[in-house]
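Take a look at this one; I'll ask things after.
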Amino acid sequence: MTDILLINPNTTASITDLVLKTAKRFASKGTNLRAVTGAFGPRYIASRVGYAIAGHAAVDAFANDRGRKDAVVLACFGDPGLAALKEIAKVPVVGMADASILQACAMGNRFSIVTGGERWQAMLEEFVASHGLSSRLASIRTVAPTGADIARNPKAAMALLAKGCTACVREDGADVVILGGAGLAGLAAKLKDAVDAPLLDGVACAISMAEALAKQKLAKAKSGALALPAPVESVGLSPALAKLIAS
Amino acid sequence: MTDILLINPNTTASITDLVLKTAKRFASKGTNLRAVTGAFGPRYIASRVGYAIAGHAAVDAFANDRGRKDAVVLACFGDPGLAALKEIAKVPVVGMADASILQACAMGNRFSIVTGGERWQAMLEEFVASHGLSSRLASIRTVAPTGADIARNPKAAMALLAKGCTACVREDGADVVILGGAGLAGLAAKLKDAVDAPLLDGVACAISMAEALAKQKLAKAKSGALALPAPVESVGLSPALAKLIAS
Amino acid sequence: MTDILLINPNTTASITDLVLKTAKRFASKGTNLRAVTGAFGPRYIASRVGYAIAGHAAVDAFANDRGRKDAVVLACFGDPGLAALKEIAKVPVVGMADASILQACAMGNRFSIVTGGERWQAMLEEFVASHGLSSRLASIRTVAPTGADIARNPKAAMALLAKGCTACVREDGADVVILGGAGLAGLAAKLKDAVDAPLLDGVACAISMAEALAKQKLAKAKSGALALPAPVESVGLSPALAKLIAS
Amino acid sequence: MTDILLINPNTTASITDLVLKTAKRFASKGTNLRAVTGAFGPRYIASRVGYAIAGHAAVDAFANDRGRKDAVVLACFGDPGLAALKEIAKVPVVGMADASILQACAMGNRFSIVTGGERWQAMLEEFVASHGLSSRLASIRTVAPTGADIARNPKAAMALLAKGCTACVREDGADVVILGGAGLAGLAAKLKDAVDAPLLDGVACAISMAEALAKQKLAKAKSGALALPAPVESVGLSPALAKLIAS
Amino acid sequence: MTDILLINPNTTASITDLVLKTAKRFASKGTNLRAVTGAFGPRYIASRVGYAIAGHAAVDAFANDRGRKDAVVLACFGDPGLAALKEIAKVPVVGMADASILQACAMGNRFSIVTGGERWQAMLEEFVASHGLSSRLASIRTVAPTGADIARNPKAAMALLAKGCTACVREDGADVVILGGAGLAGLAAKLKDAVDAPLLDGVACAISMAEALAKQKLAKAKSGALALPAPVESVGLSPALAKLIAS
Amino acid sequence: MTDILLINPNTTASITDLVLKTAKRFASKGTNLRAVTGAFGPRYIASRVGYAIAGHAAVDAFANDRGRKDAVVLACFGDPGLAALKEIAKVPVVGMADASILQACAMGNRFSIVTGGERWQAMLEEFVASHGLSSRLASIRTVAPTGADIARNPKAAMALLAKGCTACVREDGADVVILGGAGLAGLAAKLKDAVDAPLLDGVACAISMAEALAKQKLAKAKSGALALPAPVESVGLSPALAKLIAS
């Protein structure tokens, strides 16, 4: 049995539920999934200030979870708090954007990302660059409809998405396209026939990467940049987080 | 049921058997593995000329396999013929080196590779560079003992490997270390306690990446750099390969 | 009159006082300095988890400051929350590490950083890389004594620092060396004669960069990646921060 | 009192006067500015051959100046002779393009340059690349009107400039725009309301960077790439320059 | 007397003849040229799978040639098998694409390539990147007419080529353009007046680079990545190739 | 008949003679060589200030030469004034360092440079970087003896050089080594047996690259960054140079 904890670092429980439901569809037999939601911060992450708060919310949610876990998935496409979680968790931590990008690189030379939220364009460009992968990035397009749009007029929303993905392939030279973001989870399969290139699903990528790493039962780093940090006193944090960083 | 074909592009069947046996240990329930061996070429790949021949042998082996498959694993750490296989296969093709490197990037910022065969040092450096990932590479060390060494004096061999992996972490700054090459398959678990950082197993990485991609039932690219190429006549190839590229 | 707000994103008021005192020594006539301290988080920032929390603390401190300001200095060498502050502030925001690195680039081709805290080595390497400046970085050395060490045995501490700076120049090829971190503020002048290359003081760089930008009375971005973000509801934040991101 | 020498490496004294006048507007109280003009070379620098000659003219002008100075500003947007001046001057030397680019990096992630002279497009692209900053460059646009154009029809000229700057922001993704070149000095303030992003003034950037470095009273490098070079005999140079490089 | 062997790694002898004929026009007095054709593989190389086979065919053709040679030219624009040939040959081996790109870099800062075969666009982009030269590449355009097109309507074909080359200069910013591919050999001279930038001929570049290296009578590497590899047994190869790699 | 002009941009005629003599040894039959010396500037180029002056001296020497020429070789390893000469000359201009580096790239993946003059280490590193070739550079070593050293104790000098070259191969990973600088011209052949990798001669590379480009009778760029620049008035230049840039 492999236990995976999903952390949704924003504060909207219905998004947590949606991601968990989608994740269960992609999980292997023998994988047990749980999910937690950020205790504070914006309802959704769509700016750098939201991203900064969500990094704290992610480590706080991790500190407050007492369940058993073999791996952690940070379930926000953009991965706020990922490096901090890798540092303090004793099991592998997988970011949804990071896992998707790496699996895209396994499929082809150049990838594109289609996601919602206009400001994510620059934020994801910098994310890719800071991971040293700019030379593999064909484009980022933020043409995605919102969940509400999809509910209201699913046909039009799917057409819009298909158009965005197709532009990534034909105009930007992508070999593979990632549908990023919780709101787009599960749509890759439905858009398959409308796009000329393989479409990756962010949630599917994150879950399978977490399973792949958990299966190897990797040791926690004992030295270096991702080992447990030296303990430090603090003020004003949740008791669980204060305790975690003080020990 | 997921069917995965392993292609060993060198011509030593006993290595194929070893990789297959190791791969089975890491495969998920529900994954069915088969393996084929190169029909021509050097007994093992340890130079650029061997690598060039193996690229042909890999596509030839693929063309001559008639079995059902949901994904292909190119089971040589260095991945000769990977781009060609991605082009002509209708299912995802995963290189053992490529998958290991990408999973290492999911674990930490900088990775090292420990493998056998002195010339692989430069060849893998160029491999990493040509994938745009040089900024993530801490080092490549070719300190690994041969399979024969391991059989003869397992304790000494393991000590040598542990020393090499430890140097990657302490001297080269690696956050995570890959044990690459069929001969080292399965050793990561045994060396776990002797090394300060997580150790990835090349075979485990390749199998789990192939499972992850197969599970998403991705479409074959219909246009662009990895779509099926235009048919071309040929001479002197195996009938199956000639037919494959002519259609 | 130019008003500059210093934000210390850790929770130790005596460090805020020290930085403010040092900053005043470097400020131009006509510059008015104020400083605030993080309301929550670790006592000092020396790990990625502390860094993640400090990003939130920095924007929280900004939101809770009602004073007039022409520029903001983020007074922690490593700049947690810098991009978020640039997004929500209407005046220029200067990071202490960022400003030092950029002024070092104005002095010479390759710079080194000498600072305290072992984990900052990797964290600052990634900071420099994510700013696209790795080709200008000669080295980062974390040989600095702590403030306590300096107080106890100033001569030995200064000798240790001089040795570290000299190694940057002679072994690592630095043209210029940055003394980073609040604890080292003001020491550059004292070490001047012991080192072969110019030594920059992190606090001096940050203050003068903030003055330089404030003087130009630059407009706030009205579109693009650093414009004010769309408003978003939140839970569990300080009232001032909640209000700031909701409007 | 801080003394700054401006070197105009072209041979048009009226441009020197203009730059000096503009610089005085941006200088801090307590800064004393002087300016010199190149003794030989083209009337203005708009090509690589002019740039090559201007590098010599800049060091010649420096050698022939006997005044006291705490910093030097190379007052041509493109900085011919900058590395040579840094080598032979005992005080900080600031290039107008270099300082502007570095201050732009302190303001945002990606910058654009708007300047006059069609050939500067490629020359400045190479300048940015040779400083290792290509990943930060959004675009260079050479749409600027000449000083004569501005005098004749100021409204049309300003409209043209505003259009160019706006294109940098909206089409090229710039977070901040630099108005480079002596001819455009002082216009940034006037264009402020017409452009969506902060506009930097090249002269303001150079002066404030020079003040920032002068204030720190940095030591001259005693070893390494920017230390004083070994003396060398010469022929055909101005006596002051011959003497400077021979000692 | 300098003897140069041309290896055409595809299996179309008429192309070998054409390249040899063109090469003779560009060879210096005192250069003796011979050419061989691949023994197996596709009729022409226009895909990654063809490229993988051609790498083997190139080393096979080399192994089967018993003539005297001072240098080898790999006469396919894209250079399949180049690294392997450099490893096993005792004389310099020059790739047609590699030589053209390097001579283009000697002419100007940024180069473009005009060639035939749609898939070469991505393959050559990756070729340039894997040689670390992406920053010098302005563009690759695959607008070239086929040899048959040229024969049928030479005027239209030349006009099409001129248009493609001109677009490289005017739209993509190329300082110099390479006409790559055997089919375009000799056309550079004819298009000279129709294009604003120097046009390099792939065959001319390869021959002159081979002559330049042969003239220096360079030693074969005795250690390192391009020294002769350790001998290895093989199966299924041509006797000459088997012998070559076994010794 | 191919006419090549060598420009020595320093002011020591005996070095011009030496380079010309060496160049003649490497030139093809049918190549006619002439050489000119800088009219002003340092006796040799060993610093950035010397380099800046030499850029002017190089274009001045070119402007004052009235002889017929099919190509120009800039005969100083470091190439001061190269871009300017490419702009104003109507025939190809080849830099000695540039040509050597590009031919080294044709020989192997990573090259080293061995040359004289301690400051050239940093200057050549920046030269390589500004040409976008840092990823191909293994190392620069300035261990070379001076011409006087060679004359006094040839055996010891050769041993020192061999040691430096060998360190490039064994310690720095070079596949090929360039002996740069006029003082080392002709020594590559003599050191051949003492070094494990091919040794390139800077003068041989420059001459053969110039012949290769001259042979193709390339057109002068009519637009873009290397076309003839717009005319400009000047003061204080030699009449020939003033005339050249004014027309």
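Just so it is clear, A, B, C, D, E and F label the chains in written order, and each chain counts residues from 1 on its own.
Just so it is clear, a residue touches a chain if its C-beta (ideal position, glycine included) is under 8 Å from a C-beta of that chain, and two chains touch if they have at least 3 such contacts.
Labels paired with UniProt names: A, B, C, D, E, F = Asp/Glu/hydantoin racemase.
Not measured: the values here are computed from a predicted model.
The fewest steps needed to get from chain B (Asp/Glu/hydantoin racemase) to chain D (Asp/Glu/hydantoin racemase), moving only between touching chains, is 2. Taking each chain's centre as the mean of its CA atoms, B is the chain most distant from chain D (Asp/Glu/hydantoin racemase). Between chain C (Asp/Glu/hydantoin racemase) and chain F (Asp/Glu/hydantoin racemase) the CA-based rotation angle works out to 120°, given as a multiple of 5. Where chain D (Asp/Glu/hydantoin racemase) touches chain F (Asp/Glu/hydantoin racemase), the two copies mostly use the same residue numbers: shared numbers make up over half of all numbers in play.
When you average the Cα atoms of each chain and compare centres, the chain farthest from chain E (Asp/Glu/hydantoin racemase) turns out to be C. A separation of 52 Å divides the Cα centre of chain C (Asp/Glu/hydantoin racemase) from that of chain E (Asp/Glu/hydantoin racemase). Per-chain CA centroids place chain A (Asp/Glu/hydantoin racemase) at a distance of 44 Å from chain D (Asp/Glu/hydantoin racemase). The mean-CA centres of chain A (Asp/Glu/hydantoin racemase) and chain C (Asp/Glu/hydantoin racemase) are about 30 angstrom from one another, to the nearest whole unit. Residue positions 86, 109, 122, 126, 129, 132, 134-135, 173, 224-225 of chain D (Asp/Glu/hydantoin racemase) are each in touch with at least two other chains. Chain contacts in this assembly follow no simple pattern; the graph is neither a line, a ring, a star nor complete. The list of touching chain pairs reads A-B, A-C, A-D, A-E, B-C, B-E, B-F, C-D, C-F, D-E, D-F, E-F. Interface residues of chain E (Asp/Glu/hydantoin racemase), counted against chain D (Asp/Glu/hydantoin racemase) in their complex, comprise 109, 135, 173. Residues of chain A (Asp/Glu/hydantoin racemase) that touch chain C (Asp/Glu/hydantoin racemase) in their complex: 11, 39-44, 46-53, 55-59, 81, 83-84, 86-88, 119, 121-123, 126, 129-130, 132, 224-225, 229-230, 232-237, 241, 244-245. Of all the residues in chain C (Asp/Glu/hydantoin racemase), the ones that touch chain B (Asp/Glu/hydantoin racemase) in their complex are 122, 126, 129, 134. If you check the complex, the residues on chain D (Asp/Glu/hydantoin racemase) that touch chain C (Asp/Glu/hydantoin racemase) are 26, 28-30, 86, 92, 94, 98-99, 102-103, 105-109, 131-136, 169-170, 173-176, 188-189, 192-193, 195-201, 204-205, 208-209, 211-213, 215-227.
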